[in-house]
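Each chain gets a letter, A, B, C and D, in the order it is written, and its residues are counted from 1.
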Amino acid sequence: MKKIRMGMTGGGFGAFIGDAHRRASRICNDFELVCGVFDVDYERSKAFAAKEGIDPARCYENVDAMIEGELKLPADVRMQSVSIVVPNALHFPFAKKFLQNGFHLVCEKPMTMTVEEAEELERLVASTGLTFALTHTYTGYPMVRQMRDLVAKGVLGTIQRIDAQYYQGWINSIIHGTDSRITGVWRLDPKHAGVSSCMGDIGVHAFNLIEYTTGLEIKEILSDLSSVKDDISLDLDGTVLLRFGGKLKGVIRSSQVCGGEENGLTIAIYGSKASLKWSQEDPNYLYMLSDTEPTRIYKPAHGYNEKLAEESHTMPSGHPEGIYEALANIYKGTAKSIRGEKFNPGEFPTVHDGVRGMKFIHAVVESNKKGNVWISI
Amino acid sequence: MKKIRMGMTGGGFGAFIGDAHRRASRICNDFELVCGVFDVDYERSKAFAAKEGIDPARCYENVDAMIEGELKLPADVRMQSVSIVVPNALHFPFAKKFLQNGFHLVCEKPMTMTVEEAEELERLVASTGLTFALTHTYTGYPMVRQMRDLVAKGVLGTIQRIDAQYYQGWINSIIHGTDSRITGVWRLDPKHAGVSSCMGDIGVHAFNLIEYTTGLEIKEILSDLSSVKDDISLDLDGTVLLRFGGKLKGVIRSSQVCGGEENGLTIAIYGSKASLKWSQEDPNYLYMLSDTEPTRIYKPAHGYNEKLAEESHTMPSGHPEGIYEALANIYKGTAKSIRGEKFNPGEFPTVHDGVRGMKFIHAVVESNKKGNVWISI
Amino acid sequence: MKKIRMGMTGGGFGAFIGDAHRRASRICNDFELVCGVFDVDYERSKAFAAKEGIDPARCYENVDAMIEGELKLPADVRMQSVSIVVPNALHFPFAKKFLQNGFHLVCEKPMTMTVEEAEELERLVASTGLTFALTHTYTGYPMVRQMRDLVAKGVLGTIQRIDAQYYQGWINSIIHGTDSRITGVWRLDPKHAGVSSCMGDIGVHAFNLIEYTTGLEIKEILSDLSSVKDDISLDLDGTVLLRFGGKLKGVIRSSQVCGGEENGLTIAIYGSKASLKWSQEDPNYLYMLSDTEPTRIYKPAHGYNEKLAEESHTMPSGHPEGIYEALANIYKGTAKSIRGEKFNPGEFPTVHDGVRGMKFIHAVVESNKKGNVWISI
Amino acid sequence: MKKIRMGMTGGGFGAFIGDAHRRASRICNDFELVCGVFDVDYERSKAFAAKEGIDPARCYENVDAMIEGELKLPADVRMQSVSIVVPNALHFPFAKKFLQNGFHLVCEKPMTMTVEEAEELERLVASTGLTFALTHTYTGYPMVRQMRDLVAKGVLGTIQRIDAQYYQGWINSIIHGTDSRITGVWRLDPKHAGVSSCMGDIGVHAFNLIEYTTGLEIKEILSDLSSVKDDISLDLDGTVLLRFGGKLKGVIRSSQVCGGEENGLTIAIYGSKASLKWSQEDPNYLYMLSDTEPTRIYKPAHGYNEKLAEESHTMPSGHPEGIYEALANIYKGTAKSIRGEKFNPGEFPTVHDGVRGMKFIHAVVESNKKGNVWISI
């Protein structure tokens, strides 16, 4: 099968997320990297392209040149999709241009800086019919997909409480450092990070994980955020109360100052018949709790799993796959969509997930600003 | 050493909490049960007393008779303390009478029905100089005490976030049963349970655990509660945002409808230098997290622990002690106080903890009623 | 119900195992300690008796005086059972005397120094009809009992492999100390410990746990032992190959020099249909593995457990009970036997378990001495 | 940097291990697959090559044709290395030919069928100076590498006991199936599997893991094996006693009939100062135990790790990498060697590890045949 020709913006030397995208695209083996703008510094970009074995002629000075250059190439040589791994503020303008010129997209989150931009992209995707994948990477884990399918089958009964957490500690050491701490971290700078640090960077993953696994929409939120230090303007920590309509309530807890926490994304979905618990740091274990039966531990590569979970794990049971494979699963689903193959909802997060995420981030910030009041999403 | 002569109200046939108190008092071996009112049904009470080997003459018809009868006995025969394990609404009137007649108390929580009652007991304890222990049992675990001492030593640096959880699922099966479910569970009946089910029964333990381990006072709360079902008037589930003054914030999550959760009390205290995590269901493991060092697992019966933690565990390391031993540790501390021996703060929860708990419960209910607004404690 | 009048030999000041027996007897509440010889030093013994509130007249100078004194007392005052918690070499002579004089026994393990002594005790128990309980404490855990019942029900199919481990590290620090290390630890002295340190002290628990949970007899063993240091004569470490007859094989691994291991007794029983795994340090978790179903976690206090497991846990689920409660369960079963009540096999280990254990220890030592050859048990 | 041109023998449709090698080679990004013999059926081989995008001219009918064809190509087009992922019996003849014709090798284990073959390959590698990597994949995990470096630094003091386990259950369901079970599994057939099933397939990984992490050589072994069923001739289960010279002893336990075990490779190394424990199913957790300090949990992507461990993990901490990344680390080290770059011992297992493994397998089988006696390795 011919590989999809993929371009990339961002992701040059030292950019771990760009490297992750390339690895994921190689793992699933449905893409080949053919061109890109890897760095704002053209020389560095070219050096990087050389290291990656990219045709020098297809290492472009900027996105406009990239579009122009690729469009000149024959259709069977031209790149088909672009992976956008630039800083947040550039996601929207770049995504818009690429869509307007007929390129499929894989875009890092947060998708845009504002809800309006997100909605504009959603309209563009709808009108162009192009594939747009947003890398909420955690939805690529087999056991997250298993959760989604178990909930969809009604195994949990009525959902009664949802509790998601995303705790990290890495900003802790930075904000307590003595040197130039704020300038050193673009995530603390509203110009680059947008309206939120903690919720925009990681809280939104917890939000997405809830909507992905349950198929429910969060209707209203009430947040209480903290900047932790006086000279920081963005949230580094917060709690968000959730309402889903009806009697169902829940909570998202998210923080970047939980010292010693590495990447503590967890979710618990409690139902009238059974409950599910999952933790990102041990992604191959899914716990099903019950009041009347022993707790069950679901693991990948077993016949008892639902279809999508099983297709998302390639090794035999007990051979742990990790986050690169989760991202590869998303690339795999995206490739199916680009090729016009059949795929299932849930194989990759869409532009609509991006719109939902932006609404969440902005509602959270607004609720906090207004004195911790309920805001509709 | 002579044992403290102990009476009991409540705790007859079928009452697991009364049994727990008796076992704990026997484990620490500082008490002997000499009299009581074990049941509202006098015949059943007498039958129970006989089974326990209590002198029939000291199995009383009611609390007034108990006080009168015991006061007639010589001082070196008369009971010295009473363990109150009756339904919540009776805690206050019974406690008041016993204190007024010179008896030390061990009282189940919630201490009273109202804040005013709690404060009246606090004044009575102060004026009588009697010992009053409130059985926030979880503070008897060695590793909870280790947490308290590590925080007090400043090991965590500045505390930046606190997250406590108390999830159970047992009410789940009751509220979804087809039979007389509400009358069947006194905790769902405001007359017996007071203003709250979930927060009054278990959320308050999480509150107490935070204040016990950190030495901090929660200043303000904002709550969102859920009754889960239309025909239930009390909260079975809720989230409480916490403020401690300054920049420190936190959250308590508590629910009785988390199907499959057994007794999921957990706490995480995140500091600028290190963090601590503990879970009641695995009480002998205390995790210290750091951004720069490997996570450490503290366990009981090691020379590296602080003094109170070490005195709270009697077996060699690796021989797990459990909840009865935690309660026995509280009885042990209470005995020291009754005997006038030296003891450390933290060896048993006091009437002041009871006042704090009642304020918390009432603030949580008020915040929810007023539309999820901040309430001072 | 009247308590069983219990005596004790050994267990005075500083003796943790005697304390454990007293606590366990108080937890189950079927015994009261009425007399004893608590220390070879009579003055210390009397001081200890006073602290425990024992009638001074019933604190005896030695075992002979104890038997003589108690036999003079009226039958309804006289002690009924004795708990033997003296050093290993005294178990046999004391047990023999007590049995010959009509007293029930609870005896610490290893039961005797030789197989012959063990068999003599077995005959004495048979001929006297007295109750003899050997404190293989770990058989008192609810989930160990659940294992036994699940195996007995045939849930595992044909057993195909058995693997038990008992790793501790505490001797590690002693043998590497600079001071009088060997004299300081009676377990390293053959005169007091018998023919084996590691296998006699802890390996035998693993042996017992296998026979208890599976109902199978180990037929042959081949061992390889290590004294770790040149100047130590007893085994501190070893591996024992097991044969059960037929095709079934297994292994016991046991060591006292596994630095950092606390009390690492574990067992795994692998069957053709399902498997079970349990670890003493987390005694309330029993794992059932299957090739075709999610792993199940059995916990105490659930309706899905077998009868004996359920009766062995008194708190609601999620309230961890520990090793004292395990020992209390054995005291509880012993009390039933002494009172002539109905009880189930498995409620306490018997003199036959003691005979099996002694045979195991001696076979292991013999196999090693003879150059690691197969020895029948 | 130019990629190494890689060929492959075996690994066509349905071969999971060939897929694993290709993924790993793509993850590290140092190789490109340019040619191969993917299947004994040439048509299927060609179909597979087409799917993978391989030049049809370089999909060969057999290994001889492959060598001949590639040698005709210009040096800068010709394949440089071959990955051998064919059934065990073909490893040796193919490896020999490739080495004799100047190609570097990545070879699946067990390396050969006999010790003699293994030694012949070792001589060939030495005389040709070619790179030979044996895929003991587990040595590619960052925390396994951390173990090796911690031991090498002397952190453990004197090693006192070593215990490794490799338990799987998958053969369980096959041997108890009703259909053609033996013909269905080549691992049960001596012609294809060699002298051993369990020890040859997985026990040897445990053996290698011990020698890799400790740098020690196992000197003597005594084994007891089981075929579990009468009509099976190879071992499916066994225990191997280990001696390392001096006082150090240890054990390897390995089985393919531990129903419900997935891929349970574990190792524990106990030292006089500290101990290390690791489990393949949770590869990112390394436990350091101590008698005097809290247990420490090492995880990847932290500054406290040794150099090789750190270079073996590319994501930030808390983002789990898995088995494909472990294999990719081995491919990465192999690439360094092929290119003549500097690399550290331990970056990939060598032909010498293969010789050691073959000696182990044959010694284990011999010991068992001779009645469980000590055999030197």
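We take it that contacts are C-beta pairs under 8 Å (C-beta built on N, C-alpha and C of every residue); 3 or more make two chains touch, one makes a residue touch a chain.
All figures in this text were calculated on a predicted structure; none of them were measured in a lab.
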item	value
Chain located farthest away, centre of subunit D as origin (C-alpha)	B
A-C compared against A-D, more contacting pairs	A-D
Rounded Å distance between subunit A and subunit B, as computed from the means of their C-alpha atoms	43
Subunit A-subunit C separation of Cα centroids, rounded to whole Å	55
Centre-of-Cα separation between subunit D and subunit A, whole angstrom	35
For subunit B, residues that touch 2 or more chains besides their own	170, 261, 288, 292, 295, 299
Contact graph of the chains (line, ring, star, complete, other)	complete
Complex contacts: residues of subunit B adjacent to subunit A	160-161, 163, 167, 169-170, 172-173, 176, 222, 224, 226-230, 237-239, 241, 247, 249, 251, 253, 255, 257-261, 268, 270-275, 288-292, 295, 372, 374
Subunit D contact footprint on subunit A (complex, rising order)	1-3, 16, 19-20, 22-23, 26-27, 29, 51, 53, 168, 170, 261-264, 280-284, 299, 314-325
Complex contacts: residues of subunit C adjacent to subunit A	288, 292-299, 302-304
